[in-house]
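Each of the two complexes below includes chain A, the first together with chain B, the second together with chain C.
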Partner chain A sequence: MTALLEIAGLSGSYGQGEVLHDIDLQVGAREFLAVIGANTAGKSTLLRAISGLLPQVTGRIAFDGTDITALPANRIPALGIAHVPEGRHVFPMMSVEENLRMGAYALDDRRRADRGIERVFGLFPRLKERRRQLAGTLSGGEQQMVAVGRGMMLEPRLLILDEPSLGLAPMVVEEMHDRLLEIHAEGVAILLVEQNVGLALDCADRAYVLASGRIELQGPADELARDDRIRQAYLGI
Partner chain B sequence: MARRGTLAAYGGLAILFALLPLVLDPRGYEMRVLCLVLLFAALGQAWNLVGGLANQISLGHAAYFGIGAYASTILQQVAGLSPWIGTLAGMALAALLALLLSVPTFRLKGHYFALATLAAGEAMRVIANSWSDLTGGPVGISVPFNPGSSVWMMQFQTVRPNYYIFLVTLILVTALFWRIKTGAMGYRLRAIKENEQAAEVIGVDTYRVKLVASLLSAAITAFLGTLYAQFQFFFDPDTIFGLAAFSVKMALVAILGGVGTVAGPLIGAAFIIPMEELANSYFGNSAAGLSQFAYGIVLVAVILVNPYGIVALFARLRGGRRRDRASRGGEARP
Partner chain C sequence: MQTIYTLTQTLVDGLLIGGIYAVISIGLSLVFGVMHIVNFAHAEFLMIGMFVAWYAWAWLGLDPMLGAFLALGVTFLLGMGMQRVLIKPILAAPQVAQIFLTVGLLFALENAALLLFGADYRSVSTPYQTEALSLFASGGERIIVPYAKLFAFLMALGLGASVWLFLQRTRTGQAMRATAQDATAARLMGIDTDRMYMLAFGLGTGTTAFGGAVILPYITASPTVGSQYVVLMFTAVVLGGLGSVAGAVVGGLLVGLIQSFSALVLPIQLQNLILFVIFIAVLALKPEGILSRRTG
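Moving on, here comes the complex of A and B:
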């Protein structure tokens, strides 16, 4: 199987001091991949590197066979990579529907945007009820739905999610992960960064463990979930 | 329906202002004040393109304004060139400066961007003061006098033609602002204003969008600088590149009226310019600086009453209690 996303020998920094060291990582087409690790392990930085938001990278990042290492951030979405950044970056003074439509910006296609809206409303019926409401007035969970929905508007082949459960109530977290599984079942590859290790390993096919900017471990998610090192370090068992 | 009503209101306003000079003394003080109102409304509108729509608060727009004024005036002096032509050079130079400034300033936000642009404006003032061979230095520069009236040389016996030039310019700039705000470009700028990182990840080329808006804003401001020069006939570096006289005032006109709105700069200018004139005539003789002090107090008061500007104040008074109640009953941020 050829990988949809192929990262080889990736190192990166924000200017001074390397944050990522020699990362090798693959996401297969239709795969659900989790990257877990403690705070400051470099998880978000890795996602930023993929999306072209990291100022300095060496190594190679290829998407569907094309080298995207040097591509600026604004050219990435059109390839089919949707990035849902950490911290629910919605447009607060735009309505829910406007936020979603902005997600289809790179498609530049009215009809596909209309279809996307229906698809997102199917995933998150709550958003349909609140389509005219300003995104900034929504609850945290609903804002996260907007952020994920906005990513889905791109009809992505790869959905990158940075801590989608951060700061959400446990019930909302479960609901969000059910939706991610639903999205994955539709054929979208997912790269999920999560601090909630138990939940991440529960959803994912495979996982990588990142520590201090290096890949420490990798393997099938269910195996990692049984691994004593993981259980001690991240699951607290 | 609402849009048609708004359009009719703007049309009515334009007609009112077009007829106003017929009842005023064409050489009178009122005409001059009205000219300044129209000028500053247009300046506020140009500033609004970047400051309002992208929330990049520039405090250095006098740099572009002064470049426009100097370019057309110097070209008139040395080559007898019409200011209509000379201003093109000024607009190009201003756009070039905006392009150069974009490199160091576009990564900056908020106060840092404001301070960087402020420094740029001040730098232009210092350059104009010391480069005497070109600008005439601190003593200032005069537009060469042409007897009689000439549209081509933009010189007239009274300020009435200047008034109409200002009015037409304001209408065009306002229409342009409205067009950009409601179009795709406006959405891109809004996305940047509300969350630049989110704008980036959905594929907006944030640098380019800000640059296009800045170039437009700079070029329009330079054109207005030429109009001002042809209206005043004389200016010096400390005035034309002045922080209080132009940089801050054009930002204030937009902010006080309602930042990022079409009506904001119009209302802001109609409020600030006459008020400043009033303060000057009341307090101007009694004590130095008192008029500025009174003017400052009124500005602070307006901002305290409503930080979103006069436009929002009207909307609140009109939209009234119903919306207030709805928002109170509504959901709070988590």
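Moving on, here comes the complex of A and C:
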């Protein structure tokens, strides 16, 4: 079986020092993968490298067998990779619905976008009530729904999420993870970076632990959840 | 009765010129809104637009209202070229470098115009130039609407509405707004932001040049004509809120009205005094512009 996303020998930097060192990582089709690690471990940088936002990368990133290492960021979504960035990055002066429609920009298909909107409203009914409201005036949790919903508008094969629970109330976090599991159950592969390690290992099939830009550990999520090193370092047990 | 006529006339004059300020400010605002760069050379494109329209009139016999479209096209391409060669490399540079570049560009364009077009003042003659609409005439009183100003206003209105529709309704326009609001997110949506920057700069310079071309029947062109507009343009944009197209329209109309009403109470040499007092007050009290809404 070949992986949907295959990363081999990836190193990367923003221009000065190297931030990622020799990373190997695979995401299988329909797999739910978590990447955990301390602050500044390089989790967001790894996701940016996949999406073409990191200025300097060496090694190889392949999606569905195609080398995408040198592809500019704006060519990535059309392949079926949606990236929900850290900090939400909604378009503040656009309505909820306009934000969602921007998520389908790469599809360039009005009818698929219409269907996508309904699907996202099914996932997050709250957004339907707020469809005309400017995204910049929403609460943090609602903005995160817009960001995830906007990613789903692409009908992605791989959904990349960077700390979707950052700064949200515990109840909203739970709800967000339920939605991610729902999305995964529809057949979308998920690559989740999460600071809430307990929750991430709960949802994921497999996980990688990133430390100082290197893969330190990897394995099935339930095994990692029982690993003493993880329990001490990240779960505080 | 006399004061009603005087006030209405002042209102009409203010709106007619304010419409022009609006359209030339849209261009400046668009460039700032999308690229977050303050283009001090922007008023030079008004001058270039006037000269394109003047040559179109002198050589091809085109009325400036038609020449304006030529001006729009020429400066759209010129602006895109300049963005590619000069602006793009400094987009991520410190603000000081950007200021040096666009101020340098201002002098370069002005001097290039002096070299190419000469220092002469250029004007056109059109059949409607000296004609005016006379409204509500009664007992020696009337409201005068010169055709040249009316046509220029309507053209400006038409272009402003077109730009607005383009930004709201078209796929490229929406991509441009997305780029303005969050360039990183825009790239993650699959938008080629470099292309958007180029298009926005071209559209911005083109819109302002169009505004220059349509006033040619009542304003003479010269290589330094931009300097008469640069401060008004910045005032309009700051009043309405930097980067907002609707704000630029409101700001432009306000500048026109303030100018025109100040002339009622102050000598004409001081017509911009009240304007600048208001400008400074807005900067001090509500620097995000009088139209802005706060977002979280």
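Please note the rule applied: the second predicted complex is superposed on the first by the 237 of 237 C-alpha atoms of A that agree within 3 Å, B and C clash if a C-alpha of one lies under 4 Å from a C-alpha of the other, contacts with A are read in each partner's own complex, and residues count from 1 in each chain.
In this text, a contact is a pair of C-beta atoms (placed from the backbone, for glycine too) under 8 Å apart; a residue touches a chain by one contact, two chains touch by 3 or more.
Note that this is a predicted model, so its numbers are computed, not measured.
Enquirer: Evaluate whether chain B and chain C can sit on chain A together after superposition, giving fit or clash.
Expert: Aligned on chain A, chain C clashes with chain B.
Enquirer: For A:L180, decide between first (touching chain B), second (touching chain C), both and neither.
Expert: After superposition on chain A, A:L180 lies in contact with neither partner.
Enquirer: So, does A:M94 touch the first partner chain B, the second partner chain C, both, or neither?
Expert: A:M94 contacts both chain B and chain C.
Enquirer: Just checking: does A:I61 make contact with chain B only, chain C only, both, or neither of them? Give me first, second, both or neither.
Expert: Touch status of A:I61: no partner.
Enquirer: Considering only touches as defined above, state whether A:R75 meets chain B (first), chain C (second), both or neither.
Expert: Once the two structures are laid over each other on A, A:R75 reaches both partners.
Enquirer: Pick one for A:I190: touches chain B only (first), chain C only (second), both, or neither.
Expert: neither
Enquirer: With the touch criterion stated at the top, can you tell me which chain A residues are shared between the chain B interface and the chain C interface?
Expert: Shared contact residues on chain A (touching chain B in one complex, chain C in the other): 51, 53, 72-78, 82-83, 85, 89-94, 102-103, 105-106, 136-139, 150.
Enquirer: Could you list, by residue number, the parts of chain A that touch chain C in their complex?
Expert: Residues in contact with chain C: 51-53, 72-78, 82-83, 85, 89-94, 98, 101-103, 105-106, 108, 134, 136-139, 150.
Enquirer: Which stretch or stretches of chain A touch chain B in the complex?
Expert: Per the stated touch rule, the residues are 51, 53, 72-78, 82-85, 89-94, 102-103, 105-106, 136-140, 150, 154.
Enquirer: Give every residue of chain B touching chain A within the complex, in rising order.
Expert: Residues of chain B touching chain A: 187, 190-191, 194-195, 197-198, 200-206, 330-331, 333-334.
Enquirer: Mind pulling up the chain C residues that touch chain A in the complex?
Expert: 171, 174-175, 177-178, 181-182, 184-193, 293, 295-296
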